[in-house]
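Scrolling down, you'll hit the structures one after another.
In what comes next, subunit A is part of two complexes: it sits with subunit B in the first one and with subunit C in the second one.
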Partner chain A sequence: MSLPKAVEAGNAFSIQSTGSGRATLYIVGPEQVLKRDIRLGETTFFPSGSLYNAGRYLAVLTGDSSTESGSFDVIPAHKPVNLSFLARPSRLPVGLHDGITGAVYVFDAYHNLITVPTQVSFELSNPYGAVQKRVALTQDGAAWTAMDSTAQQGVDKFAARIGDVLSARVVIQVAGDPCGLKMSATKSGQALQLVTDPVRDCNGNAVPDGTIVTFTEAYSGGQSTVDVPLKRGIAEVQMAGHNGATISVASGVVLGNQIRWEK
Partner chain B sequence: MLKTSLILCALFALASSIGSAQATVRVEPANLQGPRPLPDQTGEAAIRDYVQSWQSLSAAFAQNRTDLLDPAFVGTAKDKLAQTIQQQVTLGICTRYQDRSHDLQIIFYSPDGLSLELTDKVEYDVELLDHSRVKTTQHLSSRYVIVLTPAEVQWRVRVFQSAFE
Partner chain C sequence: MSKGPLLAAILAGATVALVVIGTVWPVPSAVAYAGSGSLLHSSSSPEEAVANLGDEIRAQAWDKAYASLANKAQFTEPEFVHDLTGYYPSLLTYTTLDKFEVRPIHASADDAEMELKLHWATVVGSSVSTRDLHVVRNGDHWEPEWPIVKEPMVPPQVIAVNYLRWDVIYRGPGDDWGAQDVETPHVRIVDMHPIERADGVVILGELLNEDVVPAYVSVTATLLSKNQSPMATEGSFDKISHVLLPKQVTPFFIKFANVSLSDVGSIRMTPLSALVAATADPVIEIGNQELHPDPDASLTGQLINQSGQVVNVAHVLGTFYDKSGKVVWIADEYVDQALLPQTPVPFEIHIPEDLARDISTQRTVVATYSFGGSQ
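Take a look at the complex of A and B:
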């Protein structure tokens, strides 16, 4: 029995046998099995599409009086057709170094992992035209990259490409922590009106509404705290405004300015 | 026909001529590409679950039962193996795979921790049975590339592919 050393997935191939009489040819592997009744001494043709799952196959030829066997490989098709692209996270703050990662597995048309080194292009683009590009070579079918989140918030497109095969994911970049948090105070009747400047991150992106801003008034004999969500980019609140009180503002771990209030 | 095939293969599974000694497992130090460090426990669990998957494969192919793949395989790997078992049923054959040794190395842990790739230089026996008659038993070796993904309490095999060297 004369076997091919390797067959590309989906391609036609043939097996030549010797001798005479009838026999059964088995081709078995976990990936696929075939069985043919053949005439010994003839060439058995397997048309395109007969074996399409990559793997090592055992060929067994059983006649009336003898059994012959050998093995051969079916290798993945040359052309990438499917990219399994895993991108994380789907949402993150702006300005993070290597904050976005992507891993890709490369498959042929029959979902065989293409294990020969293949160049993958990764591209992260935002609506303002900024583009980051990386190129990686697959190793046993896998490649990865890391990208920085950009300075501007928005909906970015993160894509992996091999030739004309593209797989894209959406990555939402949101404003980072507030930066330069600042409030001002004005008297409002018997109370004190506190209002922040528009709250932005260090790249100038507006911090989203709903972000909690904490105002604290510390005075002789006590302290009061009020949590306020940002609304239309600012936070405002009325506090008692005790004479000699120290009023501070913070959001998360970011501390803003302090005001000492004298009536 | 289908029922007969299942019964014959199940009987064969009980009376197989190839032994079922436990395979030897050798693990090479990980040669990771990727930025994510691999905790020892994670690597050990993945290897344990992968080696265990050969038992699921062996039982499923010997008994021509696709449901026996469920605990260990998922996605493409499971679909392809189940398809092969269906082909065996149609052709009236069954096969028994007995792994003899594994030489394993973890080569990729994805940055998100949601997939892990390893290679396995595996030695195994294959026994082929056609309508209850043993046709041959052969010893094979191959280099497998495996992609595992985490499930509820274990790693499952998502890609199971012998790679041409």
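Take a look at the complex of A and C:
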């Protein structure tokens, strides 16, 4: 029996046998078994797509009086067809060095991992036209890179490409912690109306609505607090406004300005 | 010889005997709870009149309790029942009276002042409420006057609410292996330290949601011995505000009973977070917060629901700091009545007396739960 040394996944191949009479040829490999009744001394042809899982295959030829066996490899196809692209995280604050990582696994048409070193291009682009590019060579079928999140929030496209094969992910860059948190106070009837300026991070990005802003009014013998979510970029609330009260504003671990209220 | 059959026969005989004794000579409380008798004594003194009222409340015999009141002309029986169990669904709606205490305050020949302390067994533990009752003599017996607290009425109105709501769509089962899922919220422990108490070690800390989406959070701590082997693992359970909106901070409190801090080599903290659908409504103002020194050190204040939605259960968590800003204690209280829009509801959080003198400032947060949704 004459076996090929290696067969590319999905390719046609043939096996030449010797002798005469009838026999059965078995080919056993990863998740695949083929059985052919053959005439010894002839060439058995296997069409394209017969063997497609990469790995080591065992060929066993069983005749009336003898059994012969041998092995050969099915190797991944050379042409990448699928890229499994893991981009992390899908959401992060702006301005983080190497905050975004991407890892690519390169597969052929039959989802065999292509272990031949292959060049992968990574590209991170934001809606404002800024583009970061990296090139990496796969090692054992995988390539990876790290990118910086930019200073502007938005929905970025993170793509990995080999030739005309592309896999893209979305990375949402969001505003960082509030910066320069500032409020103002005005009298509203018997109460005090507190309103923040539009809340932005240190890069000027608007902090998203729903972010909690805490107003605290401390007065002689007590205090009042309210957690208010940002709405349309600002937070506003009415508080009692005790005479001589100190009113402060904060969001998370960021402190804003203080106001001393005298009626 | 096996003694099993003999033991079984003895147990069966004893059971039959006890059933017969309990049926023929039942204890009074069993008769009362079975509905064919009464625990009530004659109301020949103010204490007995109030104790009878307590027994009737515990048995949920509302008609008898209402009938025993001297001032029932001032309110209806449903108003009396609602005053005890809540006008809107709240913690007290699903509770029973575990026990009560009666304490005389003042008495004369014709009237008396009595304190009735009610210990309710709620799903989150004991809740105590106290009512001062005026008791009056009526012929040969005494009748209590119930200090009715009528629920404030919220005028019919339409309140426009346009706060944010977050919903979450996760990746589907058919998505590619490398396909992205929605990112888990990023949370961070911004403060943590253990303290030793008489009954064990307590870990106090604060957790920040530093993300732009709501997070469902909890914290787990593992105590490691000097040789770094795990000693015990505990979670914050309900001593935390579980739903954090973006940039919101919650205290957390983890207790390890019967552990000495001197045996602990290090502590492994594990904050957990998960995306959760949430709404930025309702907004609760925590007003008139006052720290009261010992004795009976406490933090008092009132919750004011600034939204249009009724809040059924409110959980108040207080974080107490010393002069240097270090957390010295965390305590909580469930408010046992619903929060109606713009209606102040008081709360009181007790502080251990040995720590009260160290407390300089505090920060209070409130977690709210509404039937049909929670925050």
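Quick note on the criterion: the second predicted complex is superposed on the first by the 258 of 263 C-alpha atoms of A that agree within 3 Å, B and C clash if a C-alpha of one lies under 4 Å from a C-alpha of the other, contacts with A are read in each partner's own complex, and residues count from 1 in each chain.
Everything that follows uses one rule, which is that contacts are C-beta pairs under 8 Å (C-beta built on N, C-alpha and C of every residue); 3 or more make two chains touch, one makes a residue touch a chain.
Model, not experiment: these values are computed from the prediction.
J.: Following the overlay on subunit A, give me a clash-or-fit verdict for subunit B and subunit C.
T.: On the superposed model, which is not a single observed complex, subunit B and subunit C fit side by side.
J.: Output check: A:T115 vs subunit B and subunit C. Expected answer is one of first, second, both, neither. What do you get?
T.: First partner only, subunit B.
J.: For A:S14, select first, second, both or neither according to whether it touches subunit B, subunit C, the two together, or no partner.
T.: In the superposition, A:S14 contacts neither subunit B nor subunit C.
J.: Pick one for A:N257: touches subunit B only (first), subunit C only (second), both, or neither.
T.: After superposition on chain A, A:N257 lies in contact with neither partner.
J.: State whether A:F85 touches subunit B only (first), subunit C only (second), both chains, or neither.
T.: Touch status of A:F85: second partner only.
J.: May I ask you to decide whether A:V33 touches subunit B, subunit C, both, or neither, giving the answer as first, second, both or neither?
T.: Only subunit B; A:V33 stays clear of subunit C.
J.: Could you look at A:S69 and tell me whether it touches subunit B, subunit C, both or neither (first, second, both, neither)?
T.: Touch partner of A:S69: subunit B, not subunit C.
J.: Look at A:V60 in the shared chain and tell me whether it touches subunit B only, subunit C only, both, or neither; answer first, second, both or neither.
T.: First partner only.
J.: I'd like to know which partner A:G221 touches here: subunit B for first, subunit C for second, both or neither.
T.: second
J.: For A:Q193, select first, second, both or neither according to whether it touches subunit B, subunit C, the two together, or no partner.
T.: In the superposition, A:Q193 contacts neither subunit B nor subunit C.
J.: Taking the superposition as given, tell me the minimum C-alpha spacing from subunit B to subunit C, whole angstrom.
T.: 8
J.: Take the contacts of subunit A with subunit B and those with subunit C, and give the residues found in both.
T.: Correct list for subunit A: 86, 105.
J.: Which residues, counting only subunit C, touch subunit A once they are in their complex?
T.: Those residues of subunit C that touch subunit A are 162-164, 166, 176-178, 180-183, 190, 208-214, 245-249, 280, 283-290, 301, 306, 363-365.
J.: Of all residues in subunit A, which touch subunit B in the complex?
T.: That would be residues 6, 24, 26, 28-35, 53-56, 58, 60, 62, 67, 69, 71, 73, 75, 86, 88, 98, 101-103, 105, 111-113, 115, 139-142, 144, 146 of subunit A.
J.: Show which residues of subunit A lie in contact with subunit C when the two form their complex.
T.: Contacts found on subunit A: 83-87, 89-92, 105, 167, 169-170, 174-175, 177-178, 207-213, 221-229, 231, 237, 239-240, 251-254.
J.: For the complex, which residues does subunit B have touching subunit A?
T.: My answer: residues 33-35, 57, 61, 76, 80-81, 83-84, 87-88, 91, 93, 95, 97, 107-108, 110-112, 114-115, 117, 119, 126, 128, 130, 135-136, 138, 140, 142, 145, 147, 159-164.
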